[in-house]
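Next come two complexes, and both contain chain A; in the first it sits with chain B, in the second with chain C.
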Partner chain A sequence: MHVRQVGDRAAVIDIKGDVTAASEPVLMSAYEQADSQGAQRLVLNFGELEYMNSGGIGMLVTFLIRANRHRQELAAFGLSDHYREIFELTRLDEAITIYDDERSALSDAAS
Partner chain B sequence: MTDQAGPEDTPPAEPSPRATGHTAEGDAPAAPAQPLPRDAGSWASKVDRLTETRVGSPAANVVGRRLTGPVQGFGKMWRKTYRMNIGPGIPPERAIAIWKEHFAEFWPRGSKFEPSLTGISPGEVALLDVGIGGGARLSTGVFVLYADEVSFTLMTPQGHMFAGWITFSAERATGSDGRRAREARPTVVQTQVLMRANDPLYEVAMALGGHRKEDQFWIQTMTTLAKYLSAPPVEVHTRTVCVDPRRQWGNAGALWHNSMVRTALQAAAAPLASIAHRRRRAHRAAPARRP
Partner chain C sequence: MTSIARSAPRRLASFALPSVPGNERIALAQVAETVAGLGLSPARLDKLKTAVAEATMNAIEHGNDSRPELAVTVEVFQLGAEIIVTITDRGGRSDDGAPENSAEIPDLDRKLGGEQDPGGWGLFLIRHMVDAMDITTQDERHTVRLMMRIGSQDTCAGGGLSG
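Entry: the complex of A and B
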């Protein structure tokens, strides 16, 4: 996972490969990095997501709670139709705003 | 993040055909299909509300209900993990296959799990009838959200005691001895619950012994599974973490769906309904009077 600081307020976390419960240390480390840079909006880029099981979804909930506790907004983009449906099925989309692309995810942060 | 509590006002939706890649007849030509990832067959298709078609099944607290995850719900969010080591003799895939096949048999006495004919597979709905202490019972259901060879996850509907996911999984232990062959490492079986109490009444019930009762429930279930697998005597280790101490007061209205209250009301109303039914039958059977 790679963290990119965008402006003063936002950070994009590029997620690659598999997301399972075992990914927690890596994702939380990415969170620490984004948080230390003062990001108020965290944007998850799922464009290169290859596999996600239910443990991965559970891990995203933990990530969401952590961001909420620090009053940070969480958004996502790059989800294929398959993963978008999983977000809707699990109702994660009610807490993590989903955008079509990075530009709209970030422009919403700027407004 | 507000749950849509209140009377159901829309009909249950049909599952989408995501996993199969089929589209409904009459659909407009779709954009080029995206390749499905390797987890595609493990996830249930999207549903908005649960359906239950088994004839005569007591599904009153299931039909038309929305699914609720840990993001919804009312109470504090908890992650409870129950783990046991069943030794190296039983591969994870076999442990999970047996657990899926005999899931209902491992439940503690007094609780009933009624799977669909196809059992634990993505998108299926199972009915539950659980004793929750003090003579109270909870009739509700669960939805199979995810299932693969080494894990499966159940998701709860509105009215269930908690909003969340229960994931059952097995894996080979990852010890410090990295050179040890995978098959020689013990299999660790786990139940993990990520949940919030669904409404204020359940939150109180969980605090007043509900959590303890739930711990006992899963420990007993896993111990029975271990015996069935002929594993050596096991100890189930429990770890409970409060992931979010905040309560979501915006979701307090979910009390409307409370299946424990509804189950009690349904039980209380059953004799009256039976009398009314018998009267209707007698009325229909009586010969019509001539003027």
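Entry: the complex of A and C
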């Protein structure tokens, strides 16, 4: 995973490959990096996601709990229709705003 | 006197996997390959793959306690317009200890509030991905059966299987 700082207040976390329980150390490390840079809006890029399972969903909940504690906004883009539906089923889409692309996710942050 | 004959399911594939975490990816790939060309839409195939992966992961981790010497058996059948996938572990657990019976319905608000563990989404996902599922236990064999109808709309029924 790769963290890109965008402006003063946003960071994009590029997720590649799998999101499972085993990904937790890597994703949390990405969170720490974005948090240390002062990001108030964290944007998850799922464009190169290959596989996500229930363990990965649980890990996203943990990620969300951390972001909520720090009053950070979470957004996402690049989800396939299948994983977008899973976000809806689990109601993660109510807590993580989903956009079609990075530009939309970041422009909404700036507005 | 007439009788209504219900044809027997046709077995399309049967394979066993060691109970090693991660092998659920092999299960989903083999099931996807087996049902390719049977008429499931790509969206419904994605759902079946997710359900198979989750059920296999449960069998590996909870049923067989991630013991590689214990196999998880996956079988794929076709019965008319239904695709049926069974995933069987040999962990010998009782129904009382099975996660599907003990788990609370996952609720995001409760999880965010710390009242529920962040995990526990597996059975929830399975139920919403397939048209029907059921779970049976016979002696030490614990089987999850998943059913998808070919040609159905993309709805998540999550009902029980009969027969």
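One rule holds in what follows: the second predicted complex is superposed on the first by the 111 of 111 C-alpha atoms of A that agree within 3 Å, B and C clash if a C-alpha of one lies under 4 Å from a C-alpha of the other, contacts with A are read in each partner's own complex, and residues count from 1 in each chain.
In this text, contacts are C-beta pairs under 8 Å (C-beta built on N, C-alpha and C of every residue); 3 or more make two chains touch, one makes a residue touch a chain.
Quick caveat, the model's predicted, so the values are computed rather than measured.
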| item | value |
| --- | --- |
| Contacts of A:Ser29 with chain B and chain C, given as first, second, both or neither | neither |
| Touched partner set for A:Ser107, first chain B, second chain C, both or neither | neither |
| Partner chain in contact with A:Glu88 - chain B first, chain C second, else both or neither | first |
| Which superposed partner A:Ile65 touches (first chain B, second chain C, both, neither) | both |
| Chain A residues contacted in one complex by chain B, in the other by chain C | 51, 53-55, 57-58, 61-62, 64-65, 68, 80-82, 86, 89-92, 94-95 |
| Partner chain A, residues of chain B touching it in the complex | 1, 16, 18, 34, 36-40, 42-47, 67-72, 77, 79, 145-146, 148, 151, 153, 155, 165, 167, 169, 192, 194, 243-244 |
| In the complex with chain A, residue positions of chain C that touch it | 24-25, 43, 46-47, 50, 53-54, 57, 106, 108, 111-112, 114, 117-122, 124-125, 128, 156 |
| List of chain A residues in touch with chain C within their complex | 21, 51, 53-55, 57-59, 61-62, 64-65, 68, 80-82, 86, 89-92, 94-95 |
| Chain B contact footprint on chain A (complex, rising order) | 49-55, 57-58, 61-62, 64-65, 68-69, 80-83, 85-86, 88-92, 94-95 |
